[in-house]
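Handing you this structure, nothing more for now.
Naming follows writing order (A, B, C, D, E and F), and every chain is counted from residue 1.
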Amino acid sequence: MKLITAIIKPFKLDDVRQAVTEMGVQGITVTEVKGYGRQRGHTELYRGAEYVVDFLPKTKLELAVTDDIVEQVVEAIANTARTGKIGDGKIFVTQLDEVVRIRTGETGGEAV
Amino acid sequence: MKLITAIIKPFKLDDVRQAVTEMGVQGITVTEVKGYGRQRGHTELYRGAEYVVDFLPKTKLELAVTDDIVEQVVEAIANTARTGKIGDGKIFVTQLDEVVRIRTGETGGEAV
Amino acid sequence: MKLITAIIKPFKLDDVRQAVTEMGVQGITVTEVKGYGRQRGHTELYRGAEYVVDFLPKTKLELAVTDDIVEQVVEAIANTARTGKIGDGKIFVTQLDEVVRIRTGETGGEAV
Amino acid sequence: MTQLKTLLTRFRNALRLASPALLVASLLAPGLAFGAETPVADKGDTAWLLTSTMLVILMTIPGLALFYGGMVRSKNVLSVLMQVFMTFCLIALLWAVYGYSIAFTSGSAFFGGFDRLFMSGLTVESLAATFSKGVYVPEMAYFVFQLTFACITPCLIVGAFAERIKFSAVLVFMVFWFTFSYLPIAHMVWFWAGPDAYTDAEAGAAAGATAGFLFQKGALDFAGGAVVHINAGIAGLVGACFLGKRVGIGRSSFQPHNLPMVMIGTCLLWVGWFGFNVGSNLEANGLAAQVFANTILATAAAALAWSFAEWAFRGTPTMLGAASGAIAGLVAITPACGWVGPMGAIVIGLIAGLVCLWAVTKLKAMLGYDDSLDVFGVHGVGGITGALLTAVFCDPSLGGTGVYDYVANAVAPYSMSAQFIAQLWAVGTTVVWSGVVSMAGFALVKATIGLRVSEDQEREGLDTVSHGESAYT
Amino acid sequence: MTQLKTLLTRFRNALRLASPALLVASLLAPGLAFGAETPVADKGDTAWLLTSTMLVILMTIPGLALFYGGMVRSKNVLSVLMQVFMTFCLIALLWAVYGYSIAFTSGSAFFGGFDRLFMSGLTVESLAATFSKGVYVPEMAYFVFQLTFACITPCLIVGAFAERIKFSAVLVFMVFWFTFSYLPIAHMVWFWAGPDAYTDAEAGAAAGATAGFLFQKGALDFAGGAVVHINAGIAGLVGACFLGKRVGIGRSSFQPHNLPMVMIGTCLLWVGWFGFNVGSNLEANGLAAQVFANTILATAAAALAWSFAEWAFRGTPTMLGAASGAIAGLVAITPACGWVGPMGAIVIGLIAGLVCLWAVTKLKAMLGYDDSLDVFGVHGVGGITGALLTAVFCDPSLGGTGVYDYVANAVAPYSMSAQFIAQLWAVGTTVVWSGVVSMAGFALVKATIGLRVSEDQEREGLDTVSHGESAYT
Amino acid sequence: MTQLKTLLTRFRNALRLASPALLVASLLAPGLAFGAETPVADKGDTAWLLTSTMLVILMTIPGLALFYGGMVRSKNVLSVLMQVFMTFCLIALLWAVYGYSIAFTSGSAFFGGFDRLFMSGLTVESLAATFSKGVYVPEMAYFVFQLTFACITPCLIVGAFAERIKFSAVLVFMVFWFTFSYLPIAHMVWFWAGPDAYTDAEAGAAAGATAGFLFQKGALDFAGGAVVHINAGIAGLVGACFLGKRVGIGRSSFQPHNLPMVMIGTCLLWVGWFGFNVGSNLEANGLAAQVFANTILATAAAALAWSFAEWAFRGTPTMLGAASGAIAGLVAITPACGWVGPMGAIVIGLIAGLVCLWAVTKLKAMLGYDDSLDVFGVHGVGGITGALLTAVFCDPSLGGTGVYDYVANAVAPYSMSAQFIAQLWAVGTTVVWSGVVSMAGFALVKATIGLRVSEDQEREGLDTVSHGESAYT
């Protein structure tokens, strides 16, 4: 099992959710985060003060998936979240040693 | 060392914290998240509009623990967080390559 | 590639960001979290009620970096975030299997 | 039918039918030949009128702005606040430039004249008539009081097209609609020569003929059920249809982002509404106190009705429901507040709470429009409910005040059916007039600068897109 | 002791002792035989009374609601807002149906009569007495002003059992307590025949005998120290005991979820309190201005006292402390505000700030009840402090106004000890009466529909559980 | 030049030049020989004055506090709320102790006397003069009204050094600055003997000689352009310079943490400003209504001007811009509101919106100070703009009221240039006086208890560091 972590533009959440649901992803966890990548903070003039806005609001998705669909899911996320402009985001994939489903106590692939 | 990530119902936080503390867990990090699993969004009628409430508020716990207590801790969390109803949550376990304790600079098991 | 997760005192964010940027880190994701470690909750007297303040506000940083700079970055974070007082925080390092840059579709080290 | 005509003629001629009106000091002079003394404004009345004016402003900014702002998603809250705030500012200036003149000086039965363009002739000495013979208030106080009505009405419409409209489109539409719908309707309903003109039957008939169209029809609208609420509610409905549904409706969550903000807004609306309704009495007297009581009781009844109905049908009484009920009650009591007794007010509130709940749940679902914050369901439907029930509970036998005959200087015999027809005239005229003007306005804006932001912009949120800011950091 | 009795008899008979009272126009008629003119309400007084009424509403919704709502955890904020809002609406209707009649018409010394059931006989012409002979206000204005007092008092209790009570239990308890505690206490303290009845010693004695029980005892309660604050404070204490402690108390954090919201609430309470205290004067005159000054100065002094004490003992002055201090000062000056001079008000404020700080820290810890938002510590203890200090600073030699003898038409000689005993009567009676009624009410609710949500529901939060909503999304 | 001198002498002697003033009842007695009746306060005036007082409080707490609190980062919001709240409380007490006496009793042209220390002699019967002969208000009402001006002015300064100052430093500085800058400037601008003293040229000359320094210069400041806004604006500028820049300025984001909070604050400031400006008229008459109209129109114009300019230059009109514009308009119309016509008010608003936008963007950047919330850019610059434009639009030929000659009992011939010079006197004196006092004050605090928290504390946030609390949990 893998944990896919995607950092996307907030307004893409709906689309991405729909895309991955169609691929059979059973659950998602969403966190509001801030961040920057190569899309660096920009300078903003605001009521007289120049402010450096370093961190822009982003949405972080975490999806635990079984190994077989990892690639498709990553691709689906990337395709749906892409606008072609800076700040589109990143996807990270990490190994999941174990998954437990609390209600039933199931573990492993069943539990995802 | 392992990183245990548990996504639970928010009002179970107090109980879970107490349970894991008793097992010798030294620290917890808590994040407010939203999510859905097999507990899907429900449709809600609200002042005339029907809304699909996809994401429900959940609490994410992250606990770095030494390998020896991983299993007990996972079990303790699962048992305490269980209500038997949908939406009880998930536990993910991942490998931790390194841990550093900032104040002292200690690393590894010491640092957890 | 590694994912460095650092939990630091919120007001150290600016300094840490600057330090890691100088090391060539290209992106950061920041989450507001609460937590406790050996810095336990303290008891507070507030308008008559004694409250246990378990969880203190912390800032979580996530940085995906290539393997070659992991150690330096971890050290830089630890050094910058250190105040010498309890509650300075922790750094966790985990393995990253894959990274995708959404805008370009690049993967691996390129994408970080 | 003949009887009815006679009745309406009588109404047209002499009765104390509608809300405030203006008498320019210069016009007053001849009238003064009859009385011995120059009238002087009572300072207690002036104090209350200024207080009321302040309250209607409080009701709009921040009241209405917060009520609406709390109900949208957090990415759109600033856009709603700005639309309300800027509309308020814009209309305030237009009111001084031409609005007041067109609404409250004599012209045709549909539009006023240009005597007060740029407030010319409006001095600190000019007086305006009240509903009591020989009682005047400073015309400048009447000017500012009515300014606030002119400002809040367009702001009400904002709720209908929230979360998807262009900022520039809002401003342009507002100017158009204010000019061609608000001003004429206000003139039709509220303009009259004042009570001192009704010295005898003949003078009364002459004076009556100078009044606004709906005033002449005998329509009762104490504080703006038709002028403000039906007027805005219809514009909202038209707007919701023109704009189309928000992206994601039915699929994603559109829960209010901040219900305590909605609650603050509701309370400030209620508090400010005392200025709106009670101030419309123009005098600080016993009737003012009764209008005050009615405004509390109808609102409380409507909030309870909505909440308990929700409790019964949905399982839990919600804060949003209680707030919506309160607003429904306030809207419905607005036309009625000076004509009905407290028990009548309670019944009006109970009915309005249930009817508006039905409108925003069943009717809206049936018709399928996306009126973001239920401007039509609450202001349109509540306003119509209140306008019609005014005819019922104005009846002295049901505790109402009846209608005063300024020629006879006594309460006139009351015919509920005749009054009901007069109220239907007011409702019908407002619905049609506002509907047509709104369609023209939205069509015009759509054809020129466009109404709606792009889909991507809508997803990103209007705060960033239209104002370059985020509400919370 | 004999001397004391004499004194009390004198008080009982003739003095200007308590807050407003009512004189029905019809009752007035005979009295008018003495004077030549029909009294007419001054429009300045009416304007101020309506303004004050509006302010007391602002003070409750949103003021009190926000003050309380900000102090609870975010999962319970809507439940508190709803409890306050719905209680307000419910009591407003009950006030019109029977409350006003029972509180402010003549009956026994403990309960009024049924003359005004459903507001019958209360017209736009009826007048109510003030504290000055020959000065009247519209009874309808008096009705709405007193309505707001009746509404806010039960709302105050909400703070005591916040975060764990069932919504239905709140509503049922409120109806019970309002009927059996608020109404009789209001009647006991405030009902009298009005000053014009005190034409001579005999007439004064006759009039005095018709007044409420505590009025006859000579208790001074200008704006509701006993009727509102002690009354509600005791009910809160009883409620906190009946409900039991919140789950997790002492283990988890119960920090206020939104202190700026608490601050807004505090400020609106303060602002609204000018209506509460100054409106209780019923006239817009020099004494009204002094009540206004007292309400500012006592509050400022109390906020400073609490903050500086906290700074000294805790290390930092908190916003919550400053807010709590301000409320403590407002509560304590309430009974005193029309009887004491500005310097007396400052001293009352300083004392109240320190006493209430002690009550919510030490006393509460000693007694071990969980009064969620310190209703007893602030309103109960603050109200008692103010009621007793009224006797001290009413003394003309300490800058107070003394007590007016309406028979002699002059300020009467002042006895601090006698007045202190009268105040003790008011405090004691209210404590016992409200205590007993509250116990009965909570026991009744507990035995029937139950008081408290389940532990799991409490953990989940009342917003979701009782109202199906979340405050913030 | 000689002509000018003559003009100024005339001003000095007789004219209706400035805001309110006080006439103690005892001083009044001789004057009463001329009239037959003892003057009595009109209850309508009193009602409006009390309402206005309440509004100025609403404007400060919570209005100003929220306006400022929403603009800082969330870690400092409570510190700003506390600074405003505690300053308000502290100054209220000092006003009663010595402030009122020094500002509004007769002494030199720069400081008043000690007759009213601890409010001695100020009873419920004392009267204060208005601007109309023979019209008085309760002195106690005048006392509380002016108290609110004294309280809000220091609070305005808080915005300049927000996010980095020690709490104790705020309190100490405020006491110093209030005593040595606010009180004398208020005395210089507003103290005079009242209109009834101007019975003939000689008496007028004698009365004029007892007035404050700037009153004698003929400066017009209806509601406090110089006394309040320039005064506070300069103190803010000096404070920003003394404190130095916030840590991280230019590198990190200093975006407002809660713009809806800023919006609520703005609206409450606007609403409360009606008390500030219109209350300064002291009477509820036609002129009061005109002041009301001016306060709406100038503000609306300024908000539109700022927003549209921002739209043009920045690409989007921001909520913060609209709010800032509104405040700029309010500030600028403050000195002018009783002297100019509505069209003049609109022009003043338009100019002030643009000038203040320039000040907070260009001027601030040029000078390089870190005035956290633009106290100088808005209150200082806006106040100066308004003070100078008052001379322009007071001109009767531009719709202004001109200046009243109380000896001739008619409007005096108007000289714009003479009035402009009088306004320059007011601006110049206030800038220099407040500048010097502020420098002394900040230097004193810096040398003793220190001005600024440590860098680490500043990063952590003042809420935790100075008050031991977090705003939101």
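Operating definition for what follows: a contact is a pair of C-beta atoms (placed from the backbone, for glycine too) under 8 Å apart; a residue touches a chain by one contact, two chains touch by 3 or more.
Predicted model only: the values in this text are computed from it and were never measured.
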{"item": "Touching both chain A and chain B (chains)", "value": "C, D"}
{"item": "Contacts common to chain C and chain D (chain labels)", "value": "A, B, E, F"}
{"item": "Duplicate of the A-F contact set - from C-E, B-E or A-D, the pair where over half of the pairs recur", "value": "C-E"}
{"item": "Pair joined by the larger number of C-beta contacts - B-E, C-E", "value": "C-E"}
{"item": "Intercentroid distance (Cα basis), chain E paired with chain A, Å", "value": "55"}
{"item": "Rounded Å distance between chain B and chain D, as computed from the means of their C-alpha atoms", "value": "53"}
{"item": "Averaged-CA centre spacing for the pair chain C and chain B, given as whole angstrom", "value": "18"}
{"item": "Inter-chain centre distance, chain C versus chain F - centres from mean C-alpha coordinates, in Å", "value": "48"}
{"item": "Sites on chain A at which at least two other chains make contact", "value": "31, 54-55, 83, 94-95"}
{"item": "Shared-contact residues (touching 2 or more other chains) in chain F", "value": "42-45, 47-48, 51, 251-253, 255, 258, 264, 314, 318, 320, 470"}
{"item": "Chains touching one another, given as label pairs in label order", "value": "A-B, A-C, A-D, A-F, B-C, B-D, B-E, C-E, C-F, D-E, D-F, E-F"}
{"item": "Residues on chain C engaged by chain A in the complex (per definition of touch)", "value": "3, 17, 26-31, 64, 94-103, 105, 111"}
{"item": "Touching residues (chain side chain F, partner chain E) in the complex", "value": "41-51, 53-54, 57-58, 61-62, 65-66, 69, 77-78, 81-82, 85-86, 88-90, 92-93, 96, 118-119, 122-126, 138-141, 143-144, 147, 167, 258, 261, 264, 466-473"}
{"item": "Complex contact set, residues of chain C against chain E", "value": "41, 45-55"}
{"item": "Complex contact set, residues of chain B against chain A", "value": "2, 6-8, 31-38, 54-55, 58, 60, 74, 77-78, 81-95"}
{"item": "For the chain D and chain A complex, residues of the former touching the latter", "value": "248, 251-252, 456, 459-461, 470"}
